[in-house]
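Both complexes below contain chain A, partnered by chain B and then by chain C.
Right after this comes the complex of A and B.
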């Protein structure tokens, strides 16, 4: 008697097996994410307290009669200093969280001792990183929505632009933010302890990208560096979309560099991953920690 | 011995020292440029109306240095306990015939020294970049900071007890650290807080420590006369040391009864 068995294992080569592997990783990451509800507390508290440090300092700089605020409005062209600061600090937090979450995803797996065994399965290995990225993007969308909600309800920050335009700018920034995360995740597997690199990258964003001020206030050489960082365009574009009612035409000077940087960082991220994969197989670094 | 071990460990990772120097500079750089956006002809007049000085960077740099010490003492002991828990050496250390509080204090001695070294270097670099112009009596400011730091040891004991009990307190540490720093006026005069937050700030002893040290060194407007603030700091020092050690020993007894000392 013959039995026919349709093999449904991940070992079956082809696009479908890659999709199934991606789904499995996505499902696992989502389960881990929802298993630790304490993260939800951070989701509500961090969007509020991190910008507060800068907002309260801005309040002090305004003075009791608000004379400093008039100068700030004139310098920045902003109509709402809280909204202005919140957008900058939120972009900083976005990049920071991606570096810790996506950037350390493979490393955490390595520390748990499961990376090497997963690596042996006949799947598209890049799906390990992509699988981490899915729930991360969902949680970041929640994070940004909660930020908008909290500052809208508690501080009366009002949008003067289109939500769709804000989403468009964010969408254009996803490739560069996550591409950087992919490149970083691959490097971490090689150099192991990479906290200093996170501090360096988020430090660059903090100093050069104008999270609380317009970059026109920076000295010329610092402005030149700022132009090479995609977060500068993301912050500028989001502020324009949120508070100046900018349309696609006005946003193009931010959208085009974001897409170019995005392409660059995705290529760098993927190439670094391939390089790390080859190197790890040669040196056996996957199992070491 | 504990201090010497920590000293060796710290210098085995020189990048940590570099990070300790540059992290505070990175964090205050956006404030420096933001201050420029609020200034007219280089004068932060709004800030001066609250604090009595337009030199907001000296104000913030002094707050940053004091915060480094606050972080070392306040959170250092709890973190050290957590490290020992994770490394699996806490239970064996606990079996040695040494006062538990002495073990905790020992863990902060090296940190205090390294914090002094890295803060001085940070102050020199940040002073060159942003300007730092203290005009008051440095010795008087130093003596004023001592009761604040000793009082913080009491806070540190209580916090270490919470770590013993909860075993995982990172979110609690991060959030409360941020709130305490923010509300005690590390980066701004507390007079500028919204009216409903001022009573909260006035309940934090750190507020008076930061305020008094700035009042002496930078001649800023203080919340209360400096003498009164110093007396408050001394009262707070004794109260917190008593409460912190009482709370720590109470929790430690509970943890020993539960047998959870070796768990993490």
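Right after this comes the complex of A and C.
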């Protein structure tokens, strides 16, 4: 029963083909993102709501003459308590959104039924996870820019440093924040549910990384734990770059640990993905929802 | 390198059995093992055998139907062949490539339809879906553009190719999913329940398309639990039950196996289970299966008989009274479904 159809398909393997596939994944993610207008609304409202909780609490606790705020600023070394709080809460929201968005990206595809059809193609499988990251980073940059704009316009928060230095600190933090997201995404495919883990990570960042207070206020053992969390360096570095006009030299104590943690979390993220992929081939976990 | 489009030898797939499900195929002697308590001895974990030594040789250009009830092992077999699952033991080659060691070459050789309409993005248009998957299958951009237009035309999607898939009917979504499988013009197609959930007209059009694809030279492995579909389309059929291929032949060859038997179909109202026992007790009658027709109290009862002339008077005698009424009776030629009943003792849709 031999036939004339060639035994080879139209596909042409190679690095360029993989790059084009990656671009297609980025394009798909961006299209789908922009087709849910509610996400755009959230982009404007969320940056205000969460920091407001802490800002209003700080105002209420500062006393009728606001003297408490003076003490707060003296303790933190910050010139602007609102800016100080906004940076901490923004980093917390960044990590939180990455855990939900990137962390649940494969799981959402699995529930939709599209994960298997992606997995059936000859494209490098890690690119599906990487592809979710691109639009996520763009949307987070928009989120942080909108935060800066809103607090600048509504609360008069002013930048006393270089935007480029802030971006540099954020860039150095991307590998650790997203590496954790990759590991998380792979675990979620395996255990199917991971809300408890998101709450744990969020709680750790909230308590140990000093999102609204200096970590010097924490007991010694808690400060030791804080040093093992990259978000601590991200918050400290961003505050220094935004309000103390810190340059690269002053930022190195934050940038170096961020890059080291980034390498570690990327390796952990990729290894967890490979482990999940192997396990899914044995157990059929990709198709189960 | 094997010359078959698909060749599987002793393919086995075991999964850890879910506790308390009473899996018939659960096997407590298999590895892997688990440890209870810190110092306790390892005890074997019960395993469920979904595919149990499947051997297949599918020739190039052939439509091979894999037929069996839900849970028989059809989808697990397909998932192993398309590299989503690794076999526990055994080997398989697709287009000459080993499914474990050359998984990417296997994926390049295949167009697979799994999960039907759920396998595409509903928030993208039909065209965007095809462009996206063309890139995933590494089709060069200029070729992809032409191929996408060709398939949009062929699948009769042109009018609505730029609309979001969420606005399509089930049949249209299924056509996009099939176009996706055909994008790279793969030599081999794996179609898992392609007509499931389609209305009769859409199912008929899809069956016509599958026949055309064979004419164009594609090898097609088709799984279905629709007997008529397998009968109509397949060059050969493998009947799979409890993870094993229990019969493999052409549709005519399979039907010849029970040529010497006659199939009596009855339609009754007021069916109750004791009647089955009475019918089975009639000499020369075997394999009594029942199916309720819609929501009304109308039952179709199928029996296989050595000699219908001898059996009929006794059948009529046994089903009279007790509120049971015979509405219709036919003696029919054996169908594939009757072959399946003959082989397994149960109906395909059980």
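Methods note: the second predicted complex is superposed on the first by the 278 of 289 C-alpha atoms of A that agree within 3 Å, B and C clash if a C-alpha of one lies under 4 Å from a C-alpha of the other, contacts with A are read in each partner's own complex, and residues count from 1 in each chain.
The rule is simple: contacts are C-beta pairs under 8 Å (C-beta built on N, C-alpha and C of every residue); 3 or more make two chains touch, one makes a residue touch a chain.
The shown structure was predicted, so the numbers you read here are calculated from the model rather than taken from an experiment.
In the superposed pair of complexes, A:20 makes contact with chain C only, with no contact to chain B. Once the two complexes are overlaid on the shared chain, A:56 sits against chain B while remaining clear of chain C.
Touch criterion met: A:282 reaches chain C, while chain B stays clear of it. Touch criterion met: A:203 reaches chain B, while chain C stays clear of it.
Contacts of A:121 after superposition on the shared chain: chain C is touched, whereas chain B is not. Contacts of A:77 after superposition on the shared chain: neither chain B nor chain C is touched.
When both complexes are overlaid on chain A, the residue A:35 reaches chain C alone and has no touch with chain B.
Within the complex formed with chain C, the residues of chain A that make contact are 1-14, 17-18, 20-21, 23-25, 27-28, 31-32, 35-36, 112-114, 116-123, 281-284, 286-287.
The touching residues of chain A, when paired with chain B in their complex, are 38, 41-42, 45-46, 49-50, 52-54, 56-69, 71-72, 75-76, 85, 88, 195-196, 199, 203, 206-207, 210-214, 217-218. Listed in rising order, the residues of chain C touching chain A in the complex are 15-16, 59-62, 76, 79, 82-86, 95-96, 104, 107-112, 114-115, 118-124, 128, 131-133, 135-141, 143, 147, 164, 177, 180, 183-187, 216-218, 235. Residues of chain B that touch chain A in their complex: 15, 18-19, 22-23, 26-27, 29-31, 33-40, 44-51, 56, 60, 171, 175, 178-179, 181-182, 187-189, 192-194.
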